[in-house]
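Below: a set of structures, written as structure tokens.
In the two complexes below, subunit A is the common chain; its partner is subunit B in one and subunit C in the other.
Our next item is the complex of A and B:
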């Protein structure tokens, strides 16, 4: 179990525990200064990007201790307030039965990093009572929101999985889950910062994908599905290769395999990976 | 060498609507974030600002300079060690203040 489950899972996975979807309405922000236009840091735009500028500096300086300190302090804060974890499609669908209300919204990361126009950028899902108040701060939900039924949400999630997006749960005030992302590298700031700077704002999921080398035919259907740079073709044996250390357990490669040669295993069942979140 | 990306904000006036540099960059170096957030209304697209946030990933291809309709992007390269020294000095000053 990951540390979030130990603390908030009640014996199971934390993001399948209904309590973590049902918090009181969060506080109403004050009138006054904020209403008149609060200052925002444009460089911090995107999920978990507040310390990127500092991280890049530390990385260039070559000072590992500095880099580690930035991460340690930022993550201590993030784990109490706002972070994410990769989940599988099955888990995502289960969550859509638990969380309510469900509202499609635009992806803030791809807007600020790629300038995706709002009408082409509906891939995230806002959930929970906070969504009833989305009009108070429409910039967070730029382009508006579209409330959907659980059945519509599931259909949409399956389409996103098919198209190749990684699904994650996102915390807004630990352990309250207020969002479900469907992301990709490098458009997703959280995925990008994890892969490029090993910034653990986004946690790996509870599974890892393993190739059955007997069953793999080398058809290459899975190539291009991995958003975490963990999958390639072993050319000399013509088999798919998954770097298990690098695998986030999203399952995108699993559903692409026509031979059933990739299996999701419980991370906890693999002693070498059990602590690798 | 490491890129130094300068944006002339007097020339880059409506970055979120323009978004040409965001869209063309092969390394997704840029970010365009809001400088103001309002209650009850979306921020105006002109309240957004472009930064070369991941400048350490810039290859120097120059597509952003070419694509900018306002000539607002300037791209220079400095030796990595020069920049590293500067940041290490900043860090040392930071530690001293503690």
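Our next item is the complex of A and C:
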């Protein structure tokens, strides 16, 4: 179990615990800023985007201590408010039966990083009671929202998985899970910050993928699916190779393999990876 | 995994396409909505449902009248919460989503339960511990109503909340199995399961 499970999982995985999706619909109205909800704009949360410029400066200067200090401070804040974790499709589908309401929305990361037009960018999902108040943040939801049933959401999640997006859960006020992302490198701020800067706003999932070399035919179907630079073709055997240290356990390679040669294994079952989140 | 390679090949569609015509909601520029519960609703409900009168009636008529009072309270709350004066954007959106998806549980029902707690005991600590389409759980800590009733010698305070919940369920058009657990240490949790 990861540290979030230990704290909020109640004996299981924290993102499958219904308590972490439940929140009150109402509070007593206050005047001013809080009433407008300006304090909790989901887009402003940003998965570490706010400190990346400073991080780049630190990296260019070569001052590792400064870089680590920036990360430490930012993560301390993030783990109390806003961070994410990779989940498998199977877990994602379970979550869609646990959270409600479910609303398709546009991805703020892809909009900013890749200039995706709103009508082609419905790859995120806002979940939970906060979505009834989506109009509080017109810029975040400028593409609109689409409330869906759990069955419709599952179909949509599978389309995203097929297109090769990593599925994650996102916290908005730990441990409340208010968003489900489906994204890819380099469009996703969380994935990019983790891969390029080892900035742990995005935690690795509870699984790692392993190749069965007997079954692998070297067809290369899986190669383009990995968003974490963990998959390669071993030149001398012409078979897929997964760097377990780099693997986030999203399972995108598993469903891309026509020979069923890739399996997900429990991260905890591998001593060298058990604490590698 | 729920899907393997073969199953994934059968999945068709573009995730950005609209699920159904007119499902997509757009920002209404210039609109400034209110979402939270106004204090005025507390004043209005408490004016029409006097706690003092209720306690007197229960003292005279016994615990059985708790159910009558719970029903009366929720009837008043629903009338006011759904009135033009107190309608808010949260309520409008909950109803809109229910109409679009056909799913009315938990939130159409939960709204009345939450407003009931906030109007009757606005200073109490309470939380929603589960809110899925199959289960709703609402937990209260050191319920002030329970304490007031205990002072009058009433132990089975859950009858009031049970009756209020049933009234809300009837209004919502949902048949619910309702249970209450009280640990006698101040934590009380109601569980609602649609039948």
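Everything that follows uses one rule, which is that the second predicted complex is superposed on the first by the 254 of 277 C-alpha atoms of A that agree within 3 Å, B and C clash if a C-alpha of one lies under 4 Å from a C-alpha of the other, contacts with A are read in each partner's own complex, and residues count from 1 in each chain.
By definition in this document, a contact is a pair of C-beta atoms (placed from the backbone, for glycine too) under 8 Å apart; a residue touches a chain by one contact, two chains touch by 3 or more.
Not measured: the values here are computed from a predicted model.
Taking subunit A as the reference, the larger set of touched residues comes from C, when subunit B and subunit C are compared. By the touch criterion stated above, A:135 is placed in contact with subunit B and with subunit C alike. By the touch criterion defined above, A:265 reaches neither subunit B nor subunit C. Of the two partner chains placed by the overlay, only subunit B lies in contact with A:58; subunit C stays clear of it. By the touch criterion defined above, A:233 reaches neither subunit B nor subunit C.
In the superposed pair of complexes, A:104 makes contact with subunit C only, with no contact to subunit B.
Once the two complexes are laid over each other on the shared chain, residue contacts for A:1 go to neither subunit B nor subunit C. In the superposed model, A:219 lies in contact with neither subunit B nor subunit C.
Taken together, the two structures place residues 29, 35, 37, 135-136, 138, 142 of subunit A in contact with subunit B in one case and with subunit C in the other. Across the interface of their complex, subunit B is touched by residues 29, 34-46, 49, 52-53, 56-63, 66, 111-115, 135-140, 142, 186-187, 192, 196 of subunit A. Interface residues of subunit A, counted against subunit C in their complex, comprise 18-19, 21-30, 35, 37, 88-90, 93, 97-101, 104, 119-123, 129, 132-136, 138, 141-142, 144-150, 152, 155-156, 158-163, 182, 251, 254-258, 260, 264.
Those residues of subunit B that touch subunit A in the complex are listed here as 2, 16, 18-19, 22-23, 28, 30-43, 48-51, 53-57, 80, 83-84, 87-88, 90-91. Note for the complex: subunit C touches subunit A at residues 1-5, 7-8, 11-16, 18-19, 23-29, 31, 33-39, 42, 89-90, 93-94, 96-97, 100-103, 106-107, 110-111, 114-115, 118, 122, 127-135, 137.
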